[in-house]
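The following pair of complexes shares a single chain, subunit A, combined with subunit B in the former and subunit C in the latter.
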Partner chain A sequence: MTERLFHRLAAWSLLAFATFLTLYPVAWMLSASLKSSGEIFTTSTFHLGSRGFGNYLSAFGERPFFIYLLNSVAAASVSVIITVVLGVLAGYSFAKFRYRLAPLFWLVVLISVMIPLEAIVIPLFLEVHAFGWTNTYAGLILPTAFNVVGIFIFRQAIISIPDAYIEAARIDGASELKILRLVVLPMVLPSAVVVAVLTFNLAWNSYLWPLIVTSDDLMRTLPLGMAAFQAGFDTKYGEVMAVSVFGALPTAVFFLMLQRYFVEGAVASGVK
Partner chain B sequence: MSGVEITNVSKSFGSLETIHGISFSIEDGSFVALIGPSGCGKSTMLRMISGLETISDGTISIGNKLANALPPKDRDVAMVFQNYAIYPHMTVAENIGFPLRLRNLARAEIDKAVTETAAILNLEPLLKRYPKALSGGQRQRVAMGRAIIRRPSVFLFDEPLSNLDANLRVQMRAEIKKLHQTLGTTMIYVTHDQIEAMTMADKVVVLRDGRVEQSGPPLDLYDRPANRFVASFIGSPAMNFLDAEAVDGEIRLKGGQSLRLRFAATHPEGKLVFGIRPENIGLSGDGLPVRVDLVEPTGAETHLELDLAGHSLVAVVRERVMTSPGDVLHVTFDPRAIHLFDPETGEAKPAEVIAV
Partner chain C sequence: MRIGFNARLGVAGWGIAFAVPALVYIMLFQLYPILFSFYISLHDYDLLSDPVFVGFKHFANLASDRAFLASARITIFYVAYTIGPVLLLSFAIAWALTRVQLSRPYWQTLLFIPSVLPIVSVALVWKLMFNFPGPINATLRGLGFDPLPWLTYGAYAPWALVIMSWWHATSYYMIIFLAGFLSIPKDYYEAAAIDGASGLQVLRFVTLPAMRPTIALVLVLSTVNGLKTFAFQQIVTDGGPASATQIMTLLIYKTSFSYLDMGRASTYSVVLFIGIFAISLLQIWLMRDRHD
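Up next, the complex of A and B:
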């Protein structure tokens, strides 16, 4: 009895400690965003500072953060849509169809996962430049929009759907696209959410490619805007933190909205 | 409605041929059971008829139309799968209406057809439920509903009852048979359960290793099996097979024991396999002496494991026999129910036999 209580306590304190470690920087960011530069390093994390929302107002006054936000949201959304649509198509194909070129295509997918963006960024830029896409939304968004991991997650999820579901629909007269839309996609919805969240996050935090392909201030995404803001000769940490909070909010909201599916899907893709 | 004609159909997966030139025909409106041991090619045969699997050689016609190259949706067949394959994200009504939704019928028309179909299968109270809230038998009925709503010309069933418990299986067997009588549509039914095949089908096709062993009405297969395999596969408990030989027109067991049977006209000589069904063995005071090894009363009948001169024998008798292992009983064989097989090929050897 006491032993079990002890185990409980040990588990809870471990979890509490881990939670504290994780949340401390977030709390620090939140409180610093409300403090003046002087207060940040002199007052405790739990001191609420004297600036109120002043840091937010001045930061937004200095830079077009709303434009950066819109650019980021646009880039991330397009990336999510493209990844989910192409990912489920490719995943369905790799999971349920046998054809001669399939192993070759799969190899291409594997290779493209293994090559980091950093390795191909110069030739990719040259290509995009040749298209005349520098400083355009197309150039900013499309070249890195597709997240190859989407193919893996969808393939894995679709493999576990029994063939009979698909064959039943085929006999009943469904085209492959209809099977995908009406049968397969609803059955892998949790995995689609996982793909969406991962891709959104990846696009949201993307830094290198937007940095290279944009030079116009109004084409910048949030991470670029934040970096440029931070790089000034006198870094105002309070304002930087205010902007960081602003940048972290949309992903947090997006994740919380889809949390139920996300946990379900992450567990499912882990088990299967 | 239409019949199905299978002519010389073969199927190879890679270089391995698993169906070797099968032919049989299915009359319009009939109920045909494909039966055979696991791996004999029943499902493959059904999938080739449905178009889910390609044919390596031969032809399949559905309703006098060559179907070899038709995609599944153009064959006008519906299939019920062993695991039902009803969609977990759709309600019963949506599941049943799915084939019509794919044809872009109007909502009202679909609803009407769903209601009618649900009525046939007693599913009306369940229409709004999701599959996870249904029992096995109800899921099975939903799967059938999705098949019959289209009024296809051929129904295909792949072991539809094998996931149900014994009682429900008997009940659904009767329901499917009634459904066949109501709709009058051609049905092709795959099973490995010979009782299902015998009780439901107009015609049974027995497959083994990708070949047809015999096909015909169930009772013909029971009464006149073409070979030892069919004889052992159909009927339960299975037919007894005893090594025997024909000597001077008389049948003797290996070892010399006379069976008190002789041939009426023709006189084959040499080794043969003597087959007798357990239910064709009678108890009689002046029969052959046998030793009782095991007694299994089931209530309606008694199963006896017997020893006849070193050969073991199973008998099923209707009367209640008060006997125990070690006792000696006397048995007779109904001469009209005797089957003789070639020991090498297993082919049946037709011969008229009389008791002596």
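Up next, the complex of A and C:
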């Protein structure tokens, strides 16, 4: 009994301490975004500063942050659509169809998971250049749009659909596309949300590829715009923090609404 | 009409047709580039003139390439000092989360925040936190230590990046560990309780063995993710001061897109790829029981 009490006390202290350390930089960012550069390093975190939302307004005045935001939304949305569509199709194929090429196809998928973007940016850039896609939305979005983890998540979900459902539909003369639409899709909707949230967040965070493929300011996504703002105005600390908060807001709202799916996606992308 | 098409293609044909779009995507934007990467690594290429075949020259040069060796050392430093503390912290926090019942969702939400924040926001905040007059040095001073020039001195900058990675990565692996803890069957603990096992014995003989696959998974994932890190170093220090934080991804980026030495940069990429590929193979081997 005392041991259990001790455990609970230890757990609470650890959680409280970890939460404090986790939240401190976030609180500091929020408070700094409301301060003038002079106040940031001289006043406490809980001092709310004199700038109000002035930093936000002047940062938006200096760079087209709403364009960056739109570019990011477009890139993340296309990425989600491509990943869900290709992921459902391939996941269905690997879960329920037996054909001679299947092991080879599966091997290709497994290998692709082990090819990091960081190691192929040079050939990818040359390829996109050859397509004439540099500084275009196609070049920005398409090469990194498909998140292979989607195949794993959908395959896992579709495996658990009883074969009898699919066979029954087939015997009734339903076409394969109809089976996909009416039998498979409704049963994998929760997985689709997980894949969508996971992919959206990945695309939203994408930094290296947009950095390489865009040079036009109006093509920049939000992470690039934020980093470029910092590089250009690195002593305007308050405005840099305002920009950081602005970039974090959409995901924060998204997270609060769809928390369960964020967590499931995090686990699924690790375990695969 | 549709039935006729259906019959002509056959069920297996449909299976192939469903897999093809994803496979085309993978081949176009992953397999072809990695093969192309090997090809460029055997050439001198500066984007302006045609590639010149040089065989394994770039690979032979690696052993005496000081930028590469320094970067390899920094990359290993970063990965090595990140994974240990992150593993321990995320394991301990996940364990603590299993000890609380009603309040768990609230703690979990708050502790997961670093994984939800955009990487660039995280980098920008920590860059200022490590500023010479900044909150971290203010804390150090409050505790009676001297403030440190975290980002401007080569001995401290790698540590600054390691410390911010602890903060950032712990929240993610905590979730993986929590999932692992929650999947341990309750009977194990009941059996241990009936046998009169102490808390430490339960940890040693029940929890740790059951968690071994998850621990292995987190080790592999954190190593691979550490090797792939780019944005933190690029934004916070841009590899500096004097390339003290120039990890491999950043060296590849600069060698290719600043110095236009595509052959050499591709050789670095191939080395990075082989490292990550080998570790990922290890993951598949560790996870082999889970696939069906």
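Everything below uses one rule, namely that the second predicted complex is superposed on the first by the 232 of 272 C-alpha atoms of A that agree within 3 Å, B and C clash if a C-alpha of one lies under 4 Å from a C-alpha of the other, contacts with A are read in each partner's own complex, and residues count from 1 in each chain.
What we mean here is this: contacts are C-beta pairs under 8 Å (C-beta built on N, C-alpha and C of every residue); 3 or more make two chains touch, one makes a residue touch a chain.
It should be emphasised that the depicted structure is a prediction, and the values quoted were computed from it without experimental measurement.
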item: Fit or clash between subunit C and subunit B when superposed on subunit A; value: fit
item: Partner chain in contact with A:Arg63 - subunit B first, subunit C second, else both or neither; value: neither
item: Subunit B versus subunit C as contact partner of A:Thr22, first or second or both or neither; value: second
item: Superposed arrangement, angle subtended at the Cα centre of subunit A by subunit B and subunit C, nearest 10 degrees; value: 100
item: First, second, both or neither for A:Gly173, with subunit B first and subunit C second; value: both
item: Comparing the two partners subunit B and subunit C, which touches a greater set of residues in subunit A; value: C
item: First, second, both or neither for A:Ala164, with subunit B first and subunit C second; value: first
item: Contacts of A:Val183 with subunit B and subunit C, given as first, second, both or neither; value: first
item: Touching partner for A:Leu14 - first (subunit B), second (subunit C), both, neither; value: second
item: Least Cα gap, in Å, left between subunit B and subunit C after the two complexes are fitted on chain A; value: 6
item: Doubly contacted residues of subunit A, that is, touched by subunit B and again by subunit C; value: 170, 173
item: Of subunit A, residues touching subunit B in the complex; value: 162, 164-165, 167-174, 178, 182-183, 186-187
item: Residue ranges of subunit B touching subunit A (in the complex, touch as defined); value: 50-52, 72-73, 77-79, 81-85, 87-89, 98-99, 102-103, 146, 150
item: Of subunit C, residues touching subunit A in the complex; value: 2-3, 5-6, 9, 11-16, 18-19, 21-23, 25-27, 29-34, 36-37, 40, 89, 92-93, 95-97, 99-100, 107-129, 131, 133-135, 138, 167, 170-172, 175-176, 179, 198-199, 217-218, 221, 224, 227-228, 230-231, 234-235, 249, 252-253, 256-257, 262, 265-266, 269-270, 272-273, 276-277, 280-281, 284, 287, 290, 292
item: Subunit C-touching residues of subunit A, taken from the complex the two chains share; value: 3, 7-8, 10-12, 14-15, 18-19, 21-26, 28-29, 32, 40-41, 45, 82, 85-87, 89-90, 92-94, 96-102, 105, 108-127, 142-144, 146, 148, 151, 159, 170, 173, 175-176, 180, 201, 204-205, 207-208, 211-212, 222-223, 226-227, 230, 237, 240-241, 243-245, 247-248, 251-252, 255, 259, 262-263, 266-267, 270-272
